[in-house]
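One chain, chain A, links the two complexes that follow: it is found with chain B in the first and with chain C in the second.
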Partner chain A sequence: MSLTLLLAGVALGAELGGGLAVVAVRDSAGAFDLRPAISTSLRAVGGGAVWGDLTLVGALPTQDEGIAWAHSQAWLRASAALGLQAGTLPARFRVFAGPAVTLQRTTWSEPQSVVVEQVLPGARYGLGLAVPVGDRGYLDGSAGGSLRGVSRDYELCLGGGLSW
Partner chain B sequence: MKRGTKLHRRGAHAAVVAVLAGCEQPHPERFAVYQRLSEGYEIAPRELPGLADAQRMTGDLGTMTSGGTVRLSNDGTMSYASGRSLDLRYEIVDGVAWPSDEHGLILWSFWAHLGDVRDELERVGQPLGDVLPVTVAYAPSVPDIGIELLPAENAAYATGGNLFVLLPDLFAEGVPLAANLGIVAHETGHAVFHLLSTGSADNPPIFGDVTTEAGMWEASLHEGFADSLAVLLLDDPRFLEASMAMPERDADSGATISSVQLPDSIDPDSTLFYIYDPYPLGTVFASLAWDLRLASDDPDAVLGVLFDAVVTWSDTPDDPWSYLDAVVEGGRDLGVDGCGLASARFPGVMVASCR
Partner chain C sequence: MVGAVLAMPMLAACTTLSTLDGARTLNPGQQSWTLSTGLQAGGNALSDAVSLPLPQAEVGWRKGLVDNVDVGVRVYLVGVGVDVRYRFLRSGPWHGAFAPGLGGLVLPAPSLVMGAVDLRLPVVFERELAGHSSIAFGPSVLAREGITWVSIEDMGKGATARLDVYSGGTARYRLGSDFFSVGFGGDLYLSSARRTAPVWSTGVDLRMRSRARP
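What follows is the complex of A and B.
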């Protein structure tokens, strides 16, 4: 419980989770580039209905090349969200929204070595479903979107974790 | 032609966008773009004159947007339901803007080439008139199968809609079409042909319907003129080569009408879903233009001949050979044996001025 209190002050519980994700990152052309990703969350649950979390979602780096150019790109998003959860069954439905900041780093190796780094404020939002497993475990999934400047990305996360 | 563009969403929407964008990016002096060399292309920095906003791609030449939908109207023109503002992110390193992905290279390159083509056309006495400012649709959806936008043909100018359509290449081999100076000149050639033949970028094409014989001729003359413009402005009969291997489109390939199907010989009713390919006949016309250039050693003068030929054809559009006749006559004025060149490319065709 001390960990929980440290995390959220009035929190009654905490969850630490992670999982696999697919993010649809919008490129400059307005098209979506599907990328595998990894997510991890630290969640403080207060009073059963309200929770807040800190989440990191990072896409695995891409490598692309064309005539006269080559680059790799990394994508990482950190967000803080407030959420509501509801449900009379063990499964709980969740909705969440909050501010986010996204780092997109493109490293050009051809025609010359240049790093283009963008840190863009935005928001993250979505809905999900969590199912308890055993005494402390849970499985969850969520689908949502996020804003990066004026661009919108989408993400689908499946994972699980432990709760206290 | 119903123009469907709704490009500028101002007022409250612009304010929201500005807030969400966080902060405006500084406008760079130079940009990394595809530049044509004597052999191939390289990515190198250059200025983009007339570009006011490098993030949203707006300026003197026009406005670029992403997405949206291009549709085919009943009169054969294309209309565009506009997409969203572009959001090109970049970093300025040593005074040069580098984009956050390859689409920025392509879009900046297209802008650079369009500006160069505009300048060249003004130099030879054929300004683009009301073609500029133009709308450029990047990666729109094109749901109508009647629009001839094939994967290997993913750059277009929509006559009557005054719209450039650019689709990202399916394969990363070769210079992207929209970043190829020759392709940009070719597509601008369509705009020039339309301007000369109808008087305004906003007018519908004279025929438009490519299921009719006259429409097929118009389409081939369009392609032939557009190829000719690219070949002569670049002084390169193989401008496509850097992007795709299509030797049959080269203006020095030896193309003649003996190997192409003329619209006169096609019965559109005989085959369901018949789609006329305007390129083979167009290549013959472009090859004749290249012949004239070689014989006269004056590509600018040949361009002038072609501009006049389009106007001549538009005065008598039911006679597709009037274009050829005007080219031959113009060649004669340049001191070239136009009849001899035409008889080689168009064997069996009686050119009026050669009788």
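What follows is the complex of A and C.
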């Protein structure tokens, strides 16, 4: 059953998707550390050109070590984005931006065992392509960045989902 | 060691910064060839080290796959890249395209293997002007993962990797006919690395297009 609504002549649709991501996070030495992540999103598409979504991205923990210290860090980021899309074919080019908040958990193992949890405001932005597959499916890829407090990360997400 | 020294000049231009193509995709079956030369400052280890612009040259080939989509291959000093260009906007004289691409090269040398993988994400807008000329411009992101594998006798093996992300844009003016044209332009990027100067490239290209199928 189609959940697409026709409201005042504007088609509203929904997409539920998820995927795998690679997140580049700057480590204490100033270099970027690539770490795997998982993303899921709920998207509302209206009017053909405008959409908005709620996205969760979770980065798996990785180690960062110095001479006399070591810690691992994992985070979960929630973002709400407003996007634009356009296409001359069923595939859609998309850009998006919006606020984000990150729950970050840092576990220090040296010089002593400490766990620090922080809630960091920020933003998330990017661009990508969404390609329909069949009647209800789609594949999408996006690249962009996000702010996690004063830290800036880069994201590359590949995934897919279902649309109504 | 000698191989590594010899390989360094080859790495001088292992990443091209230029965005040769505008937003107008080729018709299905149509092909184009592009010869380009120019200068590039930064964006690779040697140019960063000597702080001087270095020459760059490349050959590009494109072929239209379907309406609004074409594919391209570029060979430059020293590297190879491929991309798919999707014209997502076409409105009167205005065109907009997204052309994600991958590039890079692996250079083996005794005791040392250097490689890089580039991910390019240019978004280009092009406006047709009178007399078969056009201007193209737009933002672009270039992410490059450089990897060096080292194997030294008595010391073992190791590898280092470094990700650089460049954010910037391109601007290009093209003059000519549907089948032969000359382009002038440049690209400017800021690096994600701390305390680094902007990197740029500028150059000229010659392009030949085959006739579109009727």
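Here is the rule we use: the second predicted complex is superposed on the first by the 139 of 164 C-alpha atoms of A that agree within 3 Å, B and C clash if a C-alpha of one lies under 4 Å from a C-alpha of the other, contacts with A are read in each partner's own complex, and residues count from 1 in each chain.
FYI, a contact is a pair of C-beta atoms (placed from the backbone, for glycine too) under 8 Å apart; a residue touches a chain by one contact, two chains touch by 3 or more.
Source: prediction; values computed, not measured.
Within the superposed three-chain model, A:127 lies in touch with chain C and out of touch with chain B [touch as defined at top].
Between chain B and chain C, the partner in contact with more residues of chain A is B. Look at A:71: by the touch rule set out above, it reaches chain B but stays clear of chain C. Touch criterion met: A:31 reaches chain B and chain C at once.
When both complexes are overlaid on chain A, the residue A:164 reaches neither chain B nor chain C.
Contacts of A:114 after superposition: chain B is touched, whereas chain C is not reached. Shared-chain residue A:106: touches chain B; no touch with chain C. Contact with chain B, but none with chain C, is seen for A:149 once the two complexes are overlaid on the shared chain. The residues of chain A shared by its contacts with chain B and with chain C are 30-31.
Against chain A, in their complex, chain C makes its touches with residues 66-69, 86-90, 96, 98, 100, 119, 121, 123, 141, 143, 145, 162-163, 165, 192-194.
For chain B in complex with chain A, the touching residues are 17, 20-22, 32, 34, 41-44, 66-67, 83-91, 93, 98-105, 107, 138-139, 168, 172-176.
Against chain C, the residues of chain A that register as touching in their complex are 24, 30-32, 34, 86-89, 91-93, 127, 129, 141, 143, 152, 154, 156.
In the complex of the two chains, the chain A residues touching chain B come out as 27-31, 64-69, 71, 73, 104, 106, 108, 111, 114-118, 120-122, 147, 149-151.
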